[in-house]
Amino acid sequence: MAAGAPEAAAAGEIVITMLPAGPQVRQVYLGPDGIIARARPGALLIDCSTIDVETARAVAASAADSGFEMLDAPVSGGVIGAEAGTLTFMVGGEASAFSRGESILQAMGKTIVHAGPAGNGQTAKICNNMILGASMIAVCEGFALAEKLGLPAQTLFDIASKSTSQCWAMTSYCPVPGPVPAAPSNRGYAPGFTAAMMLKDLRLAQQAAGATAAATPLGAAAANLYQMFVDGGDGQLDFSGIMRFLRRQSLA
Amino acid sequence: MAAGAPEAAAAGEIVITMLPAGPQVRQVYLGPDGIIARARPGALLIDCSTIDVETARAVAASAADSGFEMLDAPVSGGVIGAEAGTLTFMVGGEASAFSRGESILQAMGKTIVHAGPAGNGQTAKICNNMILGASMIAVCEGFALAEKLGLPAQTLFDIASKSTSQCWAMTSYCPVPGPVPAAPSNRGYAPGFTAAMMLKDLRLAQQAAGATAAATPLGAAAANLYQMFVDGGDGQLDFSGIMRFLRRQSLA
Amino acid sequence: MAAGAPEAAAAGEIVITMLPAGPQVRQVYLGPDGIIARARPGALLIDCSTIDVETARAVAASAADSGFEMLDAPVSGGVIGAEAGTLTFMVGGEASAFSRGESILQAMGKTIVHAGPAGNGQTAKICNNMILGASMIAVCEGFALAEKLGLPAQTLFDIASKSTSQCWAMTSYCPVPGPVPAAPSNRGYAPGFTAAMMLKDLRLAQQAAGATAAATPLGAAAANLYQMFVDGGDGQLDFSGIMRFLRRQSLA
Amino acid sequence: MAAGAPEAAAAGEIVITMLPAGPQVRQVYLGPDGIIARARPGALLIDCSTIDVETARAVAASAADSGFEMLDAPVSGGVIGAEAGTLTFMVGGEASAFSRGESILQAMGKTIVHAGPAGNGQTAKICNNMILGASMIAVCEGFALAEKLGLPAQTLFDIASKSTSQCWAMTSYCPVPGPVPAAPSNRGYAPGFTAAMMLKDLRLAQQAAGATAAATPLGAAAANLYQMFVDGGDGQLDFSGIMRFLRRQSLA
């Protein structure tokens, strides 16, 4: 994936960027020597960064003011998804822009979904990941409680994975070793999708919730638990590693 | 399902009870004129109540002391499951008892799973439902945040239901009307599985967490949110109706 | 208090503003026709708004670049404090600026405290109010639990107000009617300090916590509970009125 | 304080016990060779244990059935209070029993308060300590956020301790070293009142909240944070040491 330097903007018809956070996106796109100032007329701008919705919409509006179509296209799937070619791009922007960009995104990911106008790619991602983060912690709590009560993890998994508590966090990334062989829990919580990245997305969700007055009590609780987990030095573990934090003991 | 009166205990070889809470189970089984005192020797005792793990284990131990095999077999699936014949029984007790009771439970439910020794049926159910309750609230928060940010519920559903936040609460009981036609949200949150029943199970999970020193921060938060929802007079709505509480406004 | 129109800036040596939120402060101070552009050289700028720390620091830096000293001086105490002349100003800015502004602030409030350089006034206020918001809810929970267990509110107050759970929220703004005659709970939760204002401050605290990666689990929970309380239409009640939300029933 | 062996019951007119938890209190009082069976007629029974309200009331009722007056008189104040002679006894039981027991309790503590009938001593203590536990965490969060934003702890203390966030947890047990010289934070969080004891009381409060259907969202969150702190091996630190857990770094 191109680094998104302004030079690229002048050279091609599609500019793709992936940057750490909103301020960098503002700078790279809106700066005096930035992409919007220097891109070739008619270029399609695709920002694959995961950033706050407000910035995504502001930059897209600036792009439109200068005659550019732009997509916000954050990606999900983590390292496993990248290696397996199963990344999902959640894309915001006009339909015409999506049509232009879809094929190039298909070359990079397995699933490309159009979530609506500018910013909706970011919105879809943070809503998805807020649910995911809370689900993962809930799954960890369920397995931790089961263990305390003498119910083996495999037994709970066999029951719950076919019942009403089934969720991706349980059936694909099961936070206790054993039930799901491919899950990070079986390799010492090597990511996968790091806790630090999950924390970033949960914080973006909280930022959006604050800005729009949305009540998200479990999303907020999840953000704080991941904050403490990351503060403790475990940010580079897979996000399912929060099992260790909730139990504060290693699982056999 | 039989009412579990002591008369039934004397009459048949299998006694099935379903009672509101632990104290009633203690009374009906352990009372001076109770099932253990009056059941025919060799009878299999099956308690389908959803009660606290400690009581389930204490009553099963008393039964064993008197020479009876006993199963704790709480059921999940709610009204929809009962009507559709898709109830799940999560069963605790000795393997020999499970073998004896499995066929009669199969007559009542679709899935009958053996979770291990006495009390493990209850444990499986409360762990499952604790994850479920927290997942449901997380899903509600995700859809509420999406709406505030201008992402339609159907769009979020189309993306999230195939992504990492997929969970039963979303894909089978979607708390916003529309995406899942059979979900209670499309009929004014008529249950389904009532919020009052979910609260009961979340409280049992908290009781077990307290007794075993398990950390369950999201489970505890979910219990309190359902408490406030039920206190507000909405206990007979489906548990997905907590969407209304989180938004405090009706969805169109 | 002056409205802070740019005209005032040109007219006097001290400009005082009080605005709803950060964007307005940016606009009024930094706009092309704003205070920094038009104030008389040497004027002291005092912003009494309660806004985010980041904006307070950015505007103060711009003021300094243009040669102005500036204070952020949010006020606490609510309607009761204003009527009783007991408002507290928490002030950020250089010591020299504080010296210049102290006397005018003393004319408006009872307690004027210098919290350090620019932004520290805002920081002091949101940290104070985050603790306050969580304390108030904790006090409500304590009284609600006591009532359920048959301990009268007055008895709990008599004990707790002299014990380790003593706090201002209990002893000055007791959320149950009776123990503290001057408290809003005795007049139907007429403010006082509205729940909507508390929510604003809790959201500012969450914004700052997100920006600085601080873990604030109870602060976040308090923000969400106030969000739901305000969403339910009770934003104009005193913030101690959240007692009603936690109980969902009126206290006799 | 006497150990409460049955021998003591026969020997004196006042029996005082202090035991770890409800089951031991049941055993020592209600067992076949227990206090109620063996105490001298007319003896006053005083249980200074901190236990669940339900057990306290059940044991007191059994005592009354056998003609004994009984007080539940849990104590608060911790090691510091014991050394300084400032312990508080919160006492439940009939007025006549309180009159008989007051003088002996005065010999052990500074403040003796009558909270009403049987169980109200326990109720007062757990409500007080639930508020205290949540307050302490809220104070920690406030100081942690202040530090991240560059506001020194001493400055926040100087302001907040005289403002609306003032509470005993801040002004007597300030969780950051410095502002309150006698606080445990200045001696490496040597107790004081241990985190393990606070956790016990928070769990008792949760048990009572579950049994009476009281919503206590912050109380529940506090219980879980202390659970994780204690699980991490820090149960013997003072309860203000949860500052370390929230920051996951040592304060200078």
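As written, the chains take the letters A, B, C and D, and residue 1 is the first residue of each chain.
Keep in mind that, in the parts below, a residue touches a chain if its C-beta (ideal position, glycine included) is under 8 Å from a C-beta of that chain, and two chains touch if they have at least 3 such contacts.
Fair warning: this is a prediction, and the values are worked out from it, not measured in the lab.
The chains in contact with subunit C as well as with subunit D are A, B.
Seen from the C-alpha centroid of subunit B, the farthest chain centroid is that of C.
At the interface between subunit A and subunit C, two copies of one sequence, more than half of the residue numbers in use are shared by both copies. As a whole-number value, the distance joining the C-alpha centres of subunit A and subunit C reads 35 Å.
Rounded to whole angstrom, the centroid-to-centroid distance between subunit A and subunit D, based on C-alpha atoms, equals 44 Å. In terms of their C-alpha centroids, the spacing between subunit A and subunit B amounts to 32 Å. With touch defined as above, residues shared between interfaces to two or more other chains in subunit D number as follows: 213-217, 221, 225, 228, 231, 246-248. Interface of subunit C with subunit B (complex): residues 217, 221, 228, 231-233, 245-249.
Across the complex, subunit A is touched by residues 53, 76-77, 88, 90, 111, 113, 115-117, 119-120, 123-124, 126-132, 134-135, 137-139, 141-146, 148-152, 155-156, 158-160, 162-170, 172-173, 205, 208-209, 212-219, 221-222, 225, 246-248 of subunit B.
Subunit D makes touch with subunit B in their complex at residues 203, 206-207, 210, 213-217, 220-221, 223-225, 227-228, 231.
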